[in-house]
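Shared between the two complexes below is chain A, which pairs with chain B and chain C, respectively.
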Partner chain A sequence: MLRLHMTLRKIISFIPPEYKEQEKWHLKIITDRCKGCLFCINFCPTELLESSPEINSKGYHPPKIKDDMDMDDCAKCGFCELICPEFSIFLEKEEDTTGAKK
Partner chain B sequence: MSQKKKTREPEEAKRLGVFVCHCGKNIAATVDVENIAKEATNLHGVVHAAESHYLCSEPGQKALQDDIKYHRLDGIICACCSPTLHEETFRKAAADVGINKYEVEIANIREKCSWVHSDKEKATVKAMKIIETKVEKALLNEALTPISVDVNRNAMVVGAGITGIQAALDLANSGYHVYLVEQSPTIGGHMAQLTSTFPTLDCSQCILSPKMSEIAHHDNVELITNAKLTSVTGFVGNFKAQITKKPKFVIEELCNLCDDCVEVCPVIVPNEFEGGLGPRKAIYLPFPQAVPSAYILDIENCLGIHPLVCSKCRDACEQKAINYDMKEEIVELNVGAIVIATGYDLYDISKISEYDFGPEVDVIDGLQFERLLNSAGPTGGAVLRPSDHKKPETVVFVQCVGSRDPEHHMAYCSKICCTYTGKHALLLKDQEPETEVYVFYIDIRAAGRGYEEFIDRAQEMGVIYIRGKPSKIFREGDKTIIWAANTLTGERLEVEADLVVLAPAMIPSFDTKILSGVTKCNLDEYGFFKEAHVKLKPVESLVQGLFVAGTALSPKDIPECVAQGSAAASKAMALLSKPQLYHDPIVAIVNEKACSGCKVCQSLCPYGAISFDSVKNISVVKEILCQGCGTCASACPSLALTLKNQTDKQIENMIRIALKTEAK
Partner chain C sequence: MTISEEKVDDTILEAKRHPMDYLLRWDRLPHVWCSGCGLGSVLSCFIHAIAESGIDTKKIVVVSGIGCTGRASGYLDLDVFHTTHGRAIPFAIGLKLANPELKVIVFSGDGDLFAIGGNHIIHAARRNADITVICSNNFIYGMTGGQLAPTTPMGAWTSTSPYGNVEPNFNLCHLVASAGAIYVARWTSLNARRLQASMVEAIKKKGFSFIEVIPPCPTTFGRRNDYEEGIKMLEFFRENTIIRHGIDPGDAELNLGNKIVVGKFVDKEDKPTLSDHIARIQLFAKRR
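Now for the complex of A and B:
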């Protein structure tokens, strides 16, 4: 069976253009809406998020992207947006700042 | 056992014959054969003794048969060479004149006496002693009938690389139904990754894919991919194999290879087929010629097959071929013979601390370089540095990485690296004649038709061969530095390379150890499967009905793998073509009244021949599996197990005779 060694599982040297993302995405987190239910943190398939040490106006810890990760690690699945009961997290294209994902 | 035994008078009435062979001078030079033949007539139960110059010759056998008939013998003792050589000859000769073949005993007075002694007098005494013990055993021998068993005419091949494909095709073309089990989603193995094959440089995929598609469309081949062999029970001719099929989440019959699912999949991971140099999605086709030709969803990297989280591929599939509800399946197969062809992996270079390794430092292994050279590879066939995608000006190849290093790594030679490194260097020089190419080697071992000439060709094209093993490979700036010594000139060298290609040792594939446990097939000290005899039984294992071929046995090149695949298939055919198998009846039997059900025998039996009847609370011997080793009989605390024709009584009598003669 073809199997990759651990050291080769991180870096892909040659990525063809069709694999590269055309658009830049970012996560918009409206921290004051957050009620700290942790759904986005627990359900993120790439485990991108964690609780921020900061406290919002309601007294909860809103989510933030982990320090050692960035948007390249995000799968852009939009599940956080879908699951958030308070509409406080959105996956957005960089240039499109008017609202939620298309 | 047989009718004959029951009607016979007690042992005293048994009429035995002793036949002593001169074996030319082999025995006669150190043993007084004539005297022995005379003395043997005095032995208890012996009615006739004779000598022969060559007992195994046709006239010798004829005389033996005549004597058996004339003296109405019930059993014979042939004092001659080892039973491994002529036991079957004499058994057959005796059976032809009506003696049960298990009433024939061999007293080995050649290997065990004449060949190892020089004192004629003492050797004669010893030879006599050997014959006497055998006479004593023969007195209590029973007439036995071979055990027969039906043969299941299906075969199973585990591993679908070039070896497994060849074995499966040969079996299938001979009319046997073959189950081809492969752990990867596609068949083809490592050969599918290669760019071209030495020494003729024909394209690997072009010579492999016809065989792959033949497998896919063969009526006699049932292909089971993404599956593992998890258990084997039963015995030669009647194995029961359990296969665990992992779900693919794509219905093969519906998939039309439109690529829509791949476009929408958000997960990008390194492609193992490209040695990690190129990407693939979580849903992917391993390579365009893959068989079976269908996408597979890689559950380890998929965001989760929960339709809420990400169901982009399922939504995109117009054929509705993607099914998230597939479950692991367990299939039971009944087969008569099994061929193991599980292939190899490359040695883990991270265990070699003095060498930096990884595409980020431009140090790659041979299989990754194959992908760089391959026109279907991540660079479209151009050799580029993985770190900055520039054309390398200096490329260094290092052979024997992890092999031929008994102190730290693997002691064996991986056999193919010299030739494939030559191929790499040649192809690179062909593509970019300006590139400086160095090859570090310990010795060039290129035995094979056209291999030596092939290496010569590489050298003629300007590849620089340096005898010496690099002591350190490390990154400095955007160059990779190699420290080495030229052992021919004694110079110390430092080479600044743009790309370093290592040739790691071939090691047994990842799951070989587990598979050895499942099949009870032995491994050698390096973890490769072990053949029954290194010269005379190169593809048989010690487990009857189980054959091993290809790089699962030891490192070898493609022609040898193909030859071994065919060899294993023909061995399996020889087995499957018999309507029934006969098994030696020298097996253990359980005295049901004496057995206490302690199961000691069960744990000791090396052949798994003893099972337990939990209703009667006794051990049961499966005669067809028993090899007559006697381990159970000697271990049984209640003396409930006996080996037929090797009973305790027989052995006691033999020891008594042996010691009595000693006392004289």
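Now for the complex of A and C:
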């Protein structure tokens, strides 16, 4: 049920491209810099992030986007970037607005 | 085109470079600071502030003393000076007097600036030396194993106060304001946006500007005082910080268990600086 809801949500958020925001933003990360301090996760105003089960080369769990959320839920405030003590996570606007694919 | 071909934007993409890397010696990352230490957040606010200020980076010099905070200068791709313990301010004033074109910023710890270097800072404020001082007050000598500092709050447990601190602490903002600082502000590292804006203001100020920033130090302060995780101390800041612009910094004591009063306490204009006085004397000497 949850899974269905999730996919539905993603489909809805992706079908009509003409209604979507033209600006395209990405969250990016340099995974091996992360020290798993949870600052980005705890203080994201939209609670978009959670600890990933994956482990980076230093043995820490980097953040990931929650399964039932996507970039449409991100407020693009850049707070995670500012508070990250490791210069690991950041928000970036995609320059080429023609394609959503990367 | 089918839906499945559209890439759903639900992952954080892997990157090789950070957009702020141009101000960092990124080849030295990861830095030495502990997981959960707030110093990296303060450094992040600092480089964002440098970028926002629009000041030519060739004209900026960052000076630091010794300590965990003092390591910050080594990660900046600017002209930096990692000086001896307590002596960041004399180096900074020397740089400013020798080359008045420079923006000289001191970035150092509470122990470095207010214990061993305590005399330098009060006299720099008295002289209205044209420098900016950013002091990270983690209430402790972090680097050397968590000894009591003049900033350690009454009652706090440290490696050299195993029954709790019995000494009252300095109120740094009150101290520098009384000594003559023209800009005085205090923030926690969680007030990142305000801290960044305040740094821009302070850097652009003419005269002695001072920012006290409180970052969590989970390793040597936190774990002896119930904040064993950086995030736990930030949560405390979120619940217990109050902003009071313009209040007398004497009323903004930092005590254990009390609310943390932050804000811009002092912002004065047009007070002649040490550089102004020196320039006047130089003119006078040349005429003779």
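Heads up, the rule we're going with is that the second predicted complex is superposed on the first by the 73 of 102 C-alpha atoms of A that agree within 3 Å, B and C clash if a C-alpha of one lies under 4 Å from a C-alpha of the other, contacts with A are read in each partner's own complex, and residues count from 1 in each chain.
Here is the rule we use: a contact is a pair of C-beta atoms (placed from the backbone, for glycine too) under 8 Å apart; a residue touches a chain by one contact, two chains touch by 3 or more.
Nothing here was measured: the structure is a model prediction, and the numbers come from that model.
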Which superposed partner A:Phe79 touches (first chain B, second chain C, both, neither): both
Contacts of A:Phe39 with chain B and chain C, given as first, second, both or neither: second
Which superposed partner A:Phe87 touches (first chain B, second chain C, both, neither): second
Touching partner for A:Thr31 - first (chain B), second (chain C), both, neither: second
Comparing the two partners chain B and chain C, which touches a greater set of residues in chain A: C
Touched partner set for A:Met71, first chain B, second chain C, both or neither: second
Overlap of chain C and chain B interfaces on chain A (superposed complexes): 10-11, 14-15, 43, 79, 82-83
Chain A contact footprint on chain C (complex, rising order): 3, 6-21, 24, 26, 29-31, 33-41, 43-45, 48, 189-190, 192-193, 196, 230-231, 234-235, 238
Residue numbers on chain A that touch chain C, as the complex places them: 10-11, 14-15, 26-33, 35-39, 42-43, 58, 60, 62-65, 67, 69-72, 79, 81-90, 92, 100-102
Residue ranges of chain B in contact with chain A within the complex: 182-184, 190, 193, 266-279, 286, 303-304, 308-310, 312, 345, 348-350, 357-360, 378-379, 384, 386-387, 389, 509-511
Residues of chain A defined as touching chain B within the complex: 1-16, 19, 43, 45-46, 75-77, 79, 82-83
